[in-house]
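What follows is a single structure, written as structure tokens, with notes after it.
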Amino acid sequence: MTNGSPQACDQAPELVVHTWFNTDQPLLLSGLRGRVIVLVAFQVLCPNSTAHGVSQAKRIFDTFSPDDVCVIGLHATFEHHDAISAAVIKAFMHEYRLKFPIALDQPNATGPIPLTMERYKMRGTPSLILIDKLGFVRKHAFGAVDDLRIGAEIGALTQEVAMPMPTLLHGIARSSAA
Amino acid sequence: MTNGSPQACDQAPELVVHTWFNTDQPLLLSGLRGRVIVLVAFQVLCPNSTAHGVSQAKRIFDTFSPDDVCVIGLHATFEHHDAISAAVIKAFMHEYRLKFPIALDQPNATGPIPLTMERYKMRGTPSLILIDKLGFVRKHAFGAVDDLRIGAEIGALTQEVAMPMPTLLHGIARSSAA
Amino acid sequence: MTNGSPQACDQAPELVVHTWFNTDQPLLLSGLRGRVIVLVAFQVLCPNSTAHGVSQAKRIFDTFSPDDVCVIGLHATFEHHDAISAAVIKAFMHEYRLKFPIALDQPNATGPIPLTMERYKMRGTPSLILIDKLGFVRKHAFGAVDDLRIGAEIGALTQEVAMPMPTLLHGIARSSAA
Amino acid sequence: MTNGSPQACDQAPELVVHTWFNTDQPLLLSGLRGRVIVLVAFQVLCPNSTAHGVSQAKRIFDTFSPDDVCVIGLHATFEHHDAISAAVIKAFMHEYRLKFPIALDQPNATGPIPLTMERYKMRGTPSLILIDKLGFVRKHAFGAVDDLRIGAEIGALTQEVAMPMPTLLHGIARSSAA
């Protein structure tokens, strides 16, 4: 597993979201424990986001069961703030047939970098973050990511146990003591 | 030469433009006689425009001399009118590094189809129109167009004489009479 | 895990090999327990083998550690027997920079289908077979295979335990009894 | 028109051929005057030949009328002489569905480079040579060639007159004198 960022292996911070699309209620990462989370940050007018990040997110969403893998888009508007409205993002989602939940990152009162992007120290768009079943960041990549490798990494994470190791070992100890 | 539309071989009507980008002054097709014109209609939030029309327009612009071939983009906004502003188009042009002149098609007071798109009877975006040195429409295609074929068609048009045949023949006749 | 063939979940039969390339000694699948095996059957003059099977095998070989995943090529000559010599296969391996072990399937005295291809009931080339750490066939695919999906399947198999379940449980029982 | 070789603009020498495939009788370039000739040199075990040269030759053959453009393959065996037999080339042609005439370059008694390859000073495979209607080399390229550009160059050549200029002018003078 390649760790592309200092915060790999840290607990994944919650998203700070201005608006959610494609979901009836806001998502909390803490509410998704037991599933692998693939967080894909993008911008609608960013060529690499469109060609790589968004299309790969669609393929991941189409490949894995939602019971195993939760794909979340994050529109991290850090450029062209005057051009990007919620209407632009909704039209993009419609045209690109995006069906997974998408969060519009919360603007930052003090600068161009929105709050979730800042919190995750993303270097730009597209960025891809893998979060394991226990909520830890396991990969943090910027730019195009290879399909075979990301498939392997997600596939491996889906096989991990969903409970923290100490709890698990404790349970085994209790069982064997009984 | 494939003719994809009833108006192929008609005189190309002038564009009706709300705003020009990437040019100091408005372009008139009649002012471009003697050059082959490649008119590529697109929309910034249209996946096929981005993947095919716009990227092919860039390749055409990079392949031919501007003395021979004039590439013109036309943003034909017929969907998502609330989302598409001039700021969105300018940000798109910046991100996709588009250097050729781009016209924002004039909105239509009576419906969603803008005026140039209506005048050319385009079926959607992307559309590609080839106009010969004399101003006649020689190809009208909707959707993805093959690079090899469009290269061949443009290459052939660049070799045509720039004067109407009657004039040319008249000129030859005069010479030989002298 | 998609099972594309009736023999998925059967124990993988050993390869019947005329000549091995890229390995000092013949490989036995039984000698590779504990590793995931990716067996890619191809033919050097088969366009889909070259475009899909062989290039994907190279990517798999480059992506995974050989301690986890063992890529084996199988040249299953079932057509053009007069054209395909060991010299052709060696030249192909050289030109395509194939570094993983490759087996030339054993010709069949009674027909065009070589012995390993027949034993595995392959439908043609390219074919891809995934064998788990215990030696069971887990996937049997014919034709082009999606990179993201095969990555996920291999990645998941690498996480499986390398010992048969009964043995494992027995071991745990012994430990907890101590 | 890009000229990639010193011999561009020279008269194209005739091919020296061991065996012709896909044609009832040997072709002479001098017999093809009036048509643009696209000569594509390749080797069946050369990855770039397969991925670029051969597939582009097929697209050119499918795009242009045979009355305008004559595609000729040249198997220039300069490597792996022990592996490449006529049977290998025929099997390759069958599998890759090549329908245009293909010449097996004449081996060279004094070295590995076959005679046509030597005569044209080709640097390797794939190589692409454009010959105009009058028999002059107009392009000589080694390696992958861009579809749009080669389409444009062939398209332009198809528009050239098929008679040498002096003859043509002479003809006009005679007509006008009449």
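A few points about this structure:
Letters A, B, C and D name the chains as they come in the text, with residue numbers starting at 1 for each one.
The rule is simple: a residue touches a chain if its C-beta (ideal position, glycine included) is under 8 Å from a C-beta of that chain, and two chains touch if they have at least 3 such contacts.
Since the model is a prediction, treat every value here as computed from it, not as a measurement.
Common neighbours of subunit B and subunit D under the contact definition above are absent. Where subunit C touches subunit D, the two copies mostly use the same residue numbers: shared numbers make up over half of all numbers in play. Each chain gets a centre from the mean of its Cα atoms; for subunit C and subunit D, those two points are 40 Å apart. One simple way to say how far apart two chains are is to compare their mean CA positions; for subunit A and subunit D this gives 52 Å. Mean C-alpha positions place subunit A and subunit C at a centre distance of 33 Å. For subunit A, no residue reaches two or more other chains under the stated contact definition.
Every pair of chains that touch is listed here: A-B, A-C, B-D, C-D. Residue ranges of subunit B in contact with subunit A, taken from their complex: 44-47, 50-51, 79-80, 82-85, 87-88, 90-92, 95-96.
Residues of subunit A touching subunit C in their complex: 56, 59-60, 63-64, 146-156, 158-160, 172, 175-176.
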